[in-house]
Amino acid sequence: MNGEAPPRDEMLRALEAVLFVAAEPVSSTVLAQLLETDRGAVEASLARLAEDYERAGSGLVLRNVAGGWRLFSHPSASPVVERFILSSRHTRLTKAALETMAIVAYKQPVTRHQVAAIRGVNSDGVLSALVDRGLLEEVGRDEGPGRPLLFGTTPEFLERLGLASIGDLPSLAPLLEEPERDDASDVSEEIPIEPESDDGA
Amino acid sequence: MNGEAPPRDEMLRALEAVLFVAAEPVSSTVLAQLLETDRGAVEASLARLAEDYERAGSGLVLRNVAGGWRLFSHPSASPVVERFILSSRHTRLTKAALETMAIVAYKQPVTRHQVAAIRGVNSDGVLSALVDRGLLEEVGRDEGPGRPLLFGTTPEFLERLGLASIGDLPSLAPLLEEPERDDASDVSEEIPIEPESDDGA
Amino acid sequence: MSAMKEEGLSSRVGEFPVELPVFNGPFRLLAELLLDRTIDVCDVSVARVTERFLEHAEEAEGWSLEEATWFLAICAVLLEMKVGRLLPRPPRGEEEDLLGGSPDVAYARSLELAAFRRVGQWLREALADGARYHGREAGPAEEFAHLYPDLMERVTPEALAEAAAALLRPPPTLDLSHVAPIRVSVADALETVVAQLSQGRKKTARFRELVSDCREPIHVVVRFLALLELYKDGRVGLKQAKNFGEIEVKWKG
């Protein structure tokens, strides 16, 4: 609020223009190539742009999601924006869907069977519904017998959550509190507590 | 250039957000309705926004075109924007565009609403983009209430696909069968009908 | 679920006999065979087994809490296995997992699942928050449209057909052939009852008479529902002098 930011230079302007026309997140590597500069310079400009928006009380926000940068309308404007596009993405997900999504997010790639084993119930319907919604996708096949399909999260999943990468999910460890009993403290060590997805989504 | 503009208020922010997501020019009348205010207030805000952009050296421009207001990328950024578009040439048509085109191709003539109903999401932006690209076009109006526009494919669409006529598209019928599930087909063989029981489960 | 493995259970529990096309013998043994998957759960009518259990309880003049609890637990597992078979399912082996394996593994799983539930709550909030951000889908203005000559480069008619089919495909149908259907309908029963009442000279009948040709309880139930329908429409009058007494039905047309 104090002291006006200097006018954006040519590079910043080009950056903003490209982000405006892009229909998906653009990585800083791609932006650097486009602007014939290095990633460091791009990232500094991106930070400056985000700050400018905030300072000016802009209707736009710049976010780092799903491995790239993308402009979004400001969340405080969402009621008006939704009225304008006559659709809302506020989808109510069932508890089963959230549970399934959580398991896939942390354990990916997983088979239907693994999801069902953790949830204790058949989860095929929920899985396909989440695939239909573009939140999960088939990412390959397991090598095991029957070569079952493997599921993982989509870039859209990350985008909808506002996460830059799957590693930004909250750690499971603090959530692995014991339910009522306290006689099995050694068991929790056997449970993988970090997302097992270093190999990417 | 001298003296910072005060931060944009809630209305200006909403205005900017709506113009940002819009795929076409939006009239000040529509904007006034959306924001529940009068056209005068909207026009003052639009002027202020255009001025803000100019002063900040923004990569965006607000222009009054063809009966409405629309955001554009700044002309000085055109070379970079063009490079960006060309560099993403190898990326496929988005899933949304492919789906929309597929529905229009097979179900034509269709209304926006029918496309949205089949895809399960608002598809207006994608539809207009495909019309802009000359792949789809308005082919008439439905007789129903509101006489909505009907969309169909263009000769260019056929040409790009190497089809002589729309009848040369592959038949959908064989594809509409259930995707095979490894264990669904044999279930009925494994599980005999219980002949003498009226209350099987 | 592991109740039957417990030592403390008296050996008499579950010893009542069941006669089924696939099995003849004590239920306890049947349950073991089912859980071991030696006998297919879908070959067994749980309802029939329950009938036998109720008969058995009556014969024994009273319920043993221990046995009733055990029986309920077993039936719950059988039904869960059966439902698992009815609905589209993951590859074989799931039933074993449903039974939990060792208690340690089961406990570890419950901890893990609890954590996933908690993180599911977080996901809900993050998604709700994320839904308020709208990205721009409109792309560049028309002036750039000429730069997209290859938009259709990789699009084949086949890809288009596959995309259309995926959206237009009807949802998979469930194979319900092994759920025994109820073959009587209230509509049919209505016809029968109206015919009987309106054609007789007396225009009255006892409920007992109206169901005299019914061989199974479900048919009696459906006749009764049909009468209630007629009563609601004012086409019959119903009179019952005392609880559990005869129901007099009078045709009003």
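Letters A, B and C mark the chains as written, and numbering starts fresh at 1 in each.
Just so it is clear, contacts are C-beta pairs under 8 Å (C-beta built on N, C-alpha and C of every residue); 3 or more make two chains touch, one makes a residue touch a chain.
As the structure is a prediction and not an experimental result, all values here were calculated from the model.
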{"item": "Greatest separation from subunit C - chain, by CA centre", "value": "B"}
{"item": "Most central chain, Cα average position", "value": "A"}
{"item": "Distance from subunit B to subunit A - Cα centre to Cα centre, in angstrom", "value": "22"}
{"item": "Centroid distance [mean C-alpha coordinates] between subunit C and subunit B, Å", "value": "41"}
{"item": "Subunit A-subunit C separation of Cα centroids, rounded to whole Å", "value": "37"}
{"item": "Touching two or more other chains - residues of subunit C", "value": "88-89, 91, 134-141, 144"}
{"item": "Subunit B, residues touching no fewer than two other chains", "value": "17, 20-22, 73, 81, 85, 182"}
{"item": "Sites on subunit C touched by subunit A in the complex", "value": "83-84, 87-91, 93-94, 97-98, 104, 107-124, 126-141, 144"}
{"item": "Touching residues on subunit C, where the partner in the complex is subunit B", "value": "40, 42-43, 45-48, 79, 82, 85-86, 88-89, 91-92, 134-142, 144-145, 147-148, 150-165, 167-170, 172-173, 175, 177-180, 182-183, 216, 218"}
{"item": "Residues on subunit A engaged by subunit B in the complex (per definition of touch)", "value": "1, 3-5, 7-10, 12-24, 26, 30, 33-35, 52, 55-60, 71, 73-74, 76-78, 80-81, 83-87, 132, 134, 146"}
{"item": "Complex contact set, residues of subunit A against subunit C", "value": "20-24, 61, 63, 70-76, 78, 81-82, 85, 88-91, 93, 95, 98-99, 101-103, 105-106, 111-113, 116-125, 146, 148, 159-163, 169-170, 172, 175-179, 181, 184, 187-188, 190-191"}
